[in-house]
Every structure is written in structure tokens, then in C-alpha cells.
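Multiple structures are listed underneath, in C-alpha cells.
In what follows, subunit A forms one complex with subunit B and a second complex with subunit C.
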Partner chain A sequence: MSAYEISIISIIGINVILAVSLNMISGFCGQISIGHGAFFGTGAYAAALTMVGTGSVPLAILAALVTGSLLGLAVGFASLRVRTDFLAVTTIGVNFLFVGFVRKQAWLGGEMGISGIPATGFGPVGNMTMILLFAAATIALSLYISRSWMGFAFRAVGEDEGTAATLGINAGAYKLAAFGIGTALAGLAGCLYTFFTQFIAADAFDFIFSVMLMAMVVIGGIGSTWGVAVAAVGLTLLPEAIRFVNDYRLLVFGGLLVLVIRLAPSGLAGLVQKAFLAVRRS
Partner chain B sequence: MGGGNGASPTAEDDAVYYFDLAVTGISFGCMYAMMSVGLTLVYGLLRILHVAHAAVFTLGAYVTVLVANATGSILLGFLAAMIVTPLFGMAIYRVMYEPLLKYRPDVPMIASIGLLIFMQDAFRIVFGEQGITFHRNAFAFTTFNVFGVTVSAVQIATIIAAAVVFTALHLFTTRTRIGIGWRATVSKPQIAASFGIDPIKVRYLNFAVGSVLAAIAGGLVAEMNNLVDPGIGFVVSYKALAIIVLGGLGSVRGTLIASLVLGLVEAYGTIFIGAWLDRDAIAFLALIVLLMIRPQGFTGARTA
Partner chain C sequence: MSAALQLDDVAIRFGGVQAVGGVSFSVEEGDFVGLIGPNGAGKTTLIKIIAGLLRPDKGRVQLSGVEVTADGTAARVRQGLALTHQIVRPFREMTVLDNVTLGAGYRHTSSPFRALMHLDRRRESERAAEIIAQVGLAGTERKLAGSLPLGQMKRLEVARALAVEPRVILLDEPLAGLNHTEASKQVEAIAAVHARGITVVLVEHNLEEVMRICRRLIVLNNGLVIGDGEPREVMADPVVHEAYIGGGMASHAEA
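Showing the complex of A and B:
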């Protein structure tokens, strides 16, 4: 396997974790977050500092999970105060604040970022394998949650918070749970990203990246684990496969986002389901 | 700029420096106001956060610079922008928002973000990454000395433009039949409709007026930077979201106050908190704090 293929597969794995975890928050539980890059970045920075300080891989993973989740819970508390589009605006604000804060902090490397992060010692193939295992685990967890009581409660809260509360579902607790789990996984993705690049700077976690992740979720079909995972793979490969797309990445992503919302709001998953039903009926 | 000239700063130098920051803050505030009022108008009528307003702003900046360079008249550039952008704004409503009104409010908002990044990349592809400068920009380089502070003609033009535009808007909405019908539709759509006001026409009017204001703001920012690049509207777009929330959602007066306050806070904030936070992040800090304390904004009564 060439170094190029290994790096592409690693990035795909990271994006799958990010998109699937965002889908737990925004798809299952209906809490639109356009600041997922901030949690990704928090995990990346926590892992980088831990690696520089101790060189321990398990500690770095733990630090990323915990810090991502802590920031996520803080934003989760915001979701108890504000809803729908205003929650989205809040998460956008969190993303801008994260980048604006990190860029000014000398201990986080400021504008230059953190470089020379110690390697995991697994080699590129080992890192890639680890990333793929975590991606598979994330998909499995997402599928499990989707079928569990918690997944049912998430969807109830996402559909109609008032009705969910009437049914005795503690909407606030489930929103916090969705944010806590989803952002912990985003932190994990950040840690894997740090292992993969060994160099991080704030710009990699900016708002545009968060919009890209939301585009993966919406295009894949918001709420569908498989749809979102497939979209994450496809939309990561697309710019690599087609030169045109690589040059005009934002044009394509932005355009697809508008077209999907406008013409097929349930995304790829919805289209596949419709096609499947049509075939079965005929 | 003001400040000491290497020697130990005197009290007078300090005063000049603070006055200089005030001028910068107010002119930025006026620009934010012209940008944000369009968002407030759309929010007040349709309850949509019109992020793609920044694309209208950017289009306004491009049309201004292109026409100004082609004709040699900056005034013609502004006029052309004020004709083109309302058409674009109304098209956004017709093609994108109208069919999405039936969904939750975050759906049109995400579509709006998608449209904005699409348009930004389109501007980059069509007009190039480096951006376009004015061939002749007498405005930006003419400066006046006011109480020892250097003030550029663009800053003065921005403040005057904002004063004229908002006075005109005020007169339009209080003294003309169309304006009164517009306000009536915003506050009580059904009753206004039963008095024979066409709500759809009001929506188009709304987008047209907001877009004209954004075009003026875009042209002025282009003058101020003497450059129009694809990212000109990027940060402004999200700041405008913060401003309309701070201004109490749907309230034009609140938006004006919030814009001026933000302009001044940013100008002075760079001295006090610039060391640990980017200037552009100040608006979001204020936004998040306010949303957590008062989710309904300063004045609004709705529950967000």
C-alpha cells in the first residue's frame, strides 16, 4: 500500500468517526450543531499536549475523550437553554471562539500550532488500522444506540421535545447524553488525527470544516448511520478522485448541501429507501 | 494612527488614541448595522436566519468595484450594486427559502450556509483568489484631520451613508402606505392580509430592501479595504448573526444599537483582551453569554 493510500484511508476513518458522531447529536437527537470542529480540535490539542508531555498513547486517547466530552457537555447545557437555529448559532459561536482562543495561546502553539508531536510507534499502517478499528467501533456503537431505548428517546426528543417530555422522557438528560457521547467521539477523532499528522494548528478545526461535517450528515441522510458513514467516505474520496472537485471543493459541498435539502431532505439514505420500496412494490 | 511617537505618551496622546478608536468603532458599527438590518428584517418576517445575506453583501462589493473600474465612477458602481443585489436577494427567497418554510427553522439556515459557501467559492472561481482593487479610489486615500486624528473619507462616508439610509428607512416605514403595510404584515400577518396587503409582495420587498442595505455596506467595505476578495463577507456574516441576537431578534432599533456597541467594543477590546482572544471572536463571546442569560435576547419575548 502506498503512503498516499494509507493517508487517504486514515482521513476517511477519521471523517467517518466525526460524521457518525455528529449524526448522533444532530440526527438522532435533533440538536443541530455546526461547531463539531471545536470538539474535534479540543481532542486533538489534548492528545497533542499529552503526547508531548508523557508520550503515552492510552493516556492521550483518554485525555481526548474526556476533554472533548467536557466541552460537549458544556455546549449540551446550552442546548437546554436555546433551541433549533439558535442552538446552531451558539455552536457556530463556540467554533469561532475555540479557533480565536487557541490562536492566541502561546502554550497551545498560537498561530503556528504544535509540531513535532511524538509518534505512536505503530507506524503508518498501524495507525491506519487503529483508526479503522475505532471507526468500525463508532459505527457499531451508533447502530447499537439507534436500536436501544436511548436511541428511541433521542428520536423522540428530536421529533418533538414537548411530546417527549409528556411521555415522561427526560429531554434535558438525553440531550446532554447525546452531546456527551457525540463530542467524546469527536475528541477521539481529534486524538487519532494528532497521531496521524503529528502536527496540529487551529485552522484545521475551523467553522468551514464543521460545515463540511454537517454536509456529510445531511447528504448521507440525517439520522441514518449507514447513510452518513457512506457519505463521509464518498465526500472524502470525491475531491481525491476528481480533480475538478478538489479545486472547487466548497462549491461542490455547498451546492450539494443546498440541492439535497431542497430536493431530497432525507439524503442518500432516503433515496435508497425509496428505490428499495419501489423495487419491492413492482 | 494616534499613540505616542516613541517618546513617553502624554495624556493628550492617549486622548487622541481613544478618539481614533472611537471613529474606527463607529464606522465599523455603521457598516455592521447596514449589513445586519437585512438579517433582522428577514428574521422578523419569516423567522429564518438568512446567513446567505453575506453572499448578497459580497455580490454588492463585486458589482461596485467592477462597475466603478469600468466606468470610472464610484457612484455608478454603488448604483449598479443597488440594482443587482435586490434581484439576487429576491431570487434567494423564491428559489431557496419559500419551499423550505414548512420545515424546522434550522433547515433553511443550513441551506443558507450551504449557499453562502457555494457563492464564496463561485466568486473565487470567477473573479480570482487575489481579489480586485479599485483603479481609482480617491475615497480611501483622502484623509481629514479632526482634532489631531486622521479620519479617512470612507469612514466619514460610511457614517453619513448609515445616517441617510436609516433615516430614509424610518420615513419609508412610518410615512408611506407601502411601508406601513410592511410593518403591519410583520406584526400581524393575517390581519394585514385581510386588509388587502399581499404578504408575498411584502416578502419580496423585505428581501429587496435588506439586499440594498447589504450592497451599500459591501461597497463601503470594498472602499475601506481598497480590495474585494471572495472572503470579504465571511466573518461579517456570522458576526451579523451575533448582532441580531444581541439586538433582540426582529428589532431594527436593537440591531442598530447592537451594531454600534459591537463596533466600539471590538475597537477598544483589541487593547484589553486582544492578547488572549482574536478580535473576530469577541462578538461570539458576547453572543454566547447573552444567549445563556437571556435566550430571548434583550427585548424579544419569544423563547428561542
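Showing the complex of A and C:
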């Protein structure tokens, strides 16, 4: 395998974790977050500092999971107070704040970012394998949650909090759980990204990247684990395959997002399901 | 033994409107109470206060002797309360079966962690199917709740409320908008609920049905209790009569 292939596959794995974890928050539980990049970045920086300080891979993973979910729970608490549409604005704000904050912090490398992060010692193929294993585990967890009573209650909260409450479901607790789990996984993705690049700077976690993640969720099919995972793979490869897309990422992903919402609101997963039903009928 | 439901001096004001102005009453375990009154009397507001959907400005709410005034709706449901909304609110994107199954699994959903530990739904969906049949909705299990006609949605509300195995059930106009046949089916379902020992508080404008099935009437007017007692005696009270004529309900009151 060439170094290029290894790096593409690693990025795909990381984006799958990010998109699937965002789908838990926005797809399963209906809490629109357009700031997933902030939690991704938090995990990346936490892992970078831990690696520089201790060189311990398990500690870096732990630090990323914990810091990602702590920030996520803080935003989750905010989501208990605001309406869903306002939550979207809040999370965008969190993303801009994160990038703005990191750029001004000398201890986080400021504009220059953090470079020379110690290697994991697994080599590029080893890192890639670890990333793919975590991506597989994330998909498995997502599938499990969607089949469990937690996923069932998430759907209820996403559809109508008031009605959920009349069935004894504490919507607030479930929203916090969705944010806590989803952002912990975003933090994990950040840690894997740090292992992969050994160099991080704030730009990688900006709002545009968060929009791309939301595009993966919507295009894949809101709430569908497999649809979202497939869309994450496709939308990661697209800019690699087509130069134009790479130059106009925001335009292309934003445009795709709007098109899907207008023409096929249930995304890839919905189209596949329709096709499947059509084939079965004929 | 403490009452199933007790209100002490409950009041709430919306801007200039004193929607509920200091209401106290208690409902015994197993009773069937009709809460009536003209439009705007404060019935729905009172039901919402009991259910924790509205915070009263003052007063206390107790369920089976446990003070719940500070608790949210979900916590009260776990204390044995259930309610149906005057304006139906099912999960429209879920099937009828899922709507009821989710209630039937209330033990699993008490906390997210507990919910994460449980996968199996067979027992709950079997129980849900039984409840759906009880309210006369058998055959609609796989339909999306949002696609049901109003009459069936009203019954789905009752099924969802029953699913959480309540000791007290609050029904806000479960007959409104139903035709005669639908209404009598719904009344049958409600009577069956009461026959199982569940305490019922029924808000309803259809006085004919109310007089037929309730054992006690509480009459609200302008947010205050103006009558309380055995249905026939209450309806014979000139004060109650006056309120209804004022509210344009005279013809119903005669029924």
C-alpha cells in the first residue's frame, strides 16, 4: 500500500467515526449540532498535549474521550435551555469560539499549531489499522444503540419531547446522554487524527469541516448508521477524486446538503429503501 | 390512606387572566371524577398543572401522598400518573405499535443507562398489542400514528396513557371530535380502564356521557370550583346551572 492510500484510508476511518457520532446526536436524538468540529478539535488537542507530556497512547485516548465529552455535556446543558433551531446557532458559535480561542493560546501553539507530536510507535499501517478498528467499533456501537431502548427513547425525544415526557421519558437526561456519547467519540476521532498527522492546527476543526460532517449525516440519511457511514466514505473520497470539489468544498457540500434536503430528505438510506421496496414489488 | 390525587390551593395566572384561582380538592383511590365547566373555565390548565406541564404560581399537588409540585412530567408519570392531551400528540413518525410499546417499556427508559442495557422488545410489544386491542385499534399496529384519522388518534392517546400502567389517569376531552359510534366505543374503553381500579379524572363537554359514567362531578368556572359532589345533585345546583347558561351550555346541561 502506498503512503497516499494509507493516509486516505486513515482519514476515511476518522471521518466515519465523526459522521456516525454526529448522527447519534442529530439523527437519533434530533439535536441539531453544526459544531462537531469543536469536539473533534478538543480531543485532538487533548491527545496532542498528552502525547507531548507523557508519550502514552492509552492516556491520550482517555484524555480525548473525557475532554470531548466534557465540552459536549456543557453544550448539552445549553441544549436543555434552548429550542432546537437555536441549538444549531449555539453549536456554530461554539465552533467559532473554539477556533478563535485556540488560535490565541500560546500553550496550544497559537496560529502555528502543535508540531512534533511523538509517534504512537505503531507505524502508518498500525495507526491505520487502529483507526479502522475504532471506526468499526463506533459503527457497532451506533447500531447497538439504535436497536436498544436508548435508541427508541432517543427517537421519541427527537420527535416530541413533551409527548416523550408523558411516557415517563426524561428528555433532558437523554439529550445529555446523546451529547455525552457523540462528543466523546468525536474526541476519540480527534485523538486518532493527532496520532495520524503528528501535527495539528486549529484550521482542521473549523466550521466548514462541521458543515461537511453534517452533509455526511444528511446525505447518508438522518438516523441511518449505514447510510451515514457510506456517505462519510464517499464525501471523503470526492474531493480527492475531483479537483474542483477540493477547491470549492463549502460550495459543493453546502449545495449537496440543500439538494438532498429538497429532493430526498431521507438521504441515501431512504433512496436504497425505496429502491428495495420497488424491486420487491415488481 | 392518602388520596390518589390531592390539590391544595393551586393557582396560576396568565398575564391578566387568573386561569386557575386557588383550587383544592382530593380524589379517592378508584374514583371516577368528571371535571366540567364552560369554555375557558380552566380545566385544561388545571390538568396541565396536575401533570407538571405547567408550574402553578402557588399551591401543592400530591399523588398518593407524595408531593410532586416541583417534579417534571416524566417524574410524575413514574409516580403513577398518565394523561391524554386535548389536542392529540402522538409520535407521528412512529407506528401505532411503537407509540404504545415505548410506554409499555417505561421501566427500561427510566434512565438512559438502563435503556442502553436493554434490547429486547418482545414482551413490551405484546403488551402494547393487547392494549391497542382493548381500545379498539386492533389492525392499525403497523400504520404510522400520523396517518390515523382523529377518532383513532384519540383512542391511541388513551392506549399510550394506559401503557405506563398508571394509578391515576387524566383524560382531557377524549370524546371531542368523535362521531356518535366512535364516542361510545371510547366511553366503553374508558369505563374498562376504571373497572381495572384506575382512578380517572375526565374533562369532557359531552355532559350526557359525563352524567352516565362519572361518580362525582367537580365544576370549574373562571378558575374556581363552584360545584362538587354527586353528579345529579351538582347539576341541580342553581349556581352551576347559571354558570352553564352564562357559558352557553344550557342545552347540554338539560340533557
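Definition applied: the second predicted complex is superposed on the first by the 282 of 282 C-alpha atoms of A that agree within 3 Å, B and C clash if a C-alpha of one lies under 4 Å from a C-alpha of the other, contacts with A are read in each partner's own complex, and residues count from 1 in each chain.
Note that contacts are C-beta pairs under 8 Å (C-beta built on N, C-alpha and C of every residue); 3 or more make two chains touch, one makes a residue touch a chain.
This is a predicted model, so every value here is computed, not measured.
Colleague: For A:Leu237, using the defined touch cut-off, is the partner it touches subunit B, subunit C, both, or neither? Pick first, second, both or neither.
Modeller: A:Leu237: touches no partner chain.
Colleague: Under the stated touch criterion, which partner chain does A:Gly254 make contact with: subunit B (first), subunit C (second), both, or neither?
Modeller: In the superposition, A:Gly254 touches subunit B alone.
Colleague: Tell me which of subunit B and subunit C touches more residues of subunit A.
Modeller: B
Colleague: Is A:Ile34 touching the first partner subunit B, the second partner subunit C, both, or neither of them?
Modeller: Touch partner of A:Ile34: subunit B, not subunit C.
Colleague: May I ask you to decide whether A:Arg103 touches subunit B, subunit C, both, or neither, giving the answer as first, second, both or neither?
Modeller: Only subunit B; A:Arg103 stays clear of subunit C.
Colleague: Return first, second, both or neither, reflecting whether A:Ala204 touches subunit B, subunit C, both chains, or no partner chain.
Modeller: In the superposed model, A:Ala204 contacts neither subunit B nor subunit C.
Colleague: Quick check for you: in the superposed arrangement, does A:Ala119 touch first (subunit B), second (subunit C), both or neither?
Modeller: Neither: A:Ala119 stays clear of subunit B and subunit C.
Colleague: So in the superposed three-chain picture, is A:Leu271 touching just subunit B, just subunit C, both, or none of them (first/second/both/neither)?
Modeller: Touch partners of A:Leu271: none, neither subunit B nor subunit C.
Colleague: Which partner chains sit in contact with A:Thr90 here, subunit B, subunit C, both or neither? Use first/second/both/neither.
Modeller: first
Colleague: Residues of subunit A touching subunit C in their complex?
Modeller: Residues 144-145, 147-150, 152-153, 155-156, 159-160, 162-171, 173-174, 176-177 of subunit A touch subunit C in their complex.
Colleague: Once bound in the complex, which stretches of subunit A touch subunit B?
Modeller: 32, 34, 78, 81-90, 92-94, 96-97, 99-101, 103-105, 207-208, 211, 214-215, 218, 248-251, 253-258, 261-262, 265
Colleague: Spell out the residues on subunit C that touch subunit A in their complex, using ranges where they run on.
Modeller: Its residues touching subunit A are 51-53, 72-75, 77-78, 82-83, 85, 89-94, 98, 101-103, 105-106, 108-119, 121, 160-161, 163-164.
Colleague: Flag every residue of subunit B that touches subunit A in the complex, lowest number first.
Modeller: 49, 96, 99-100, 103-107, 109-111, 113-122, 125, 238, 241-242, 245, 274-278, 280-281, 284-285, 287-288, 291-292, 295, 303-304
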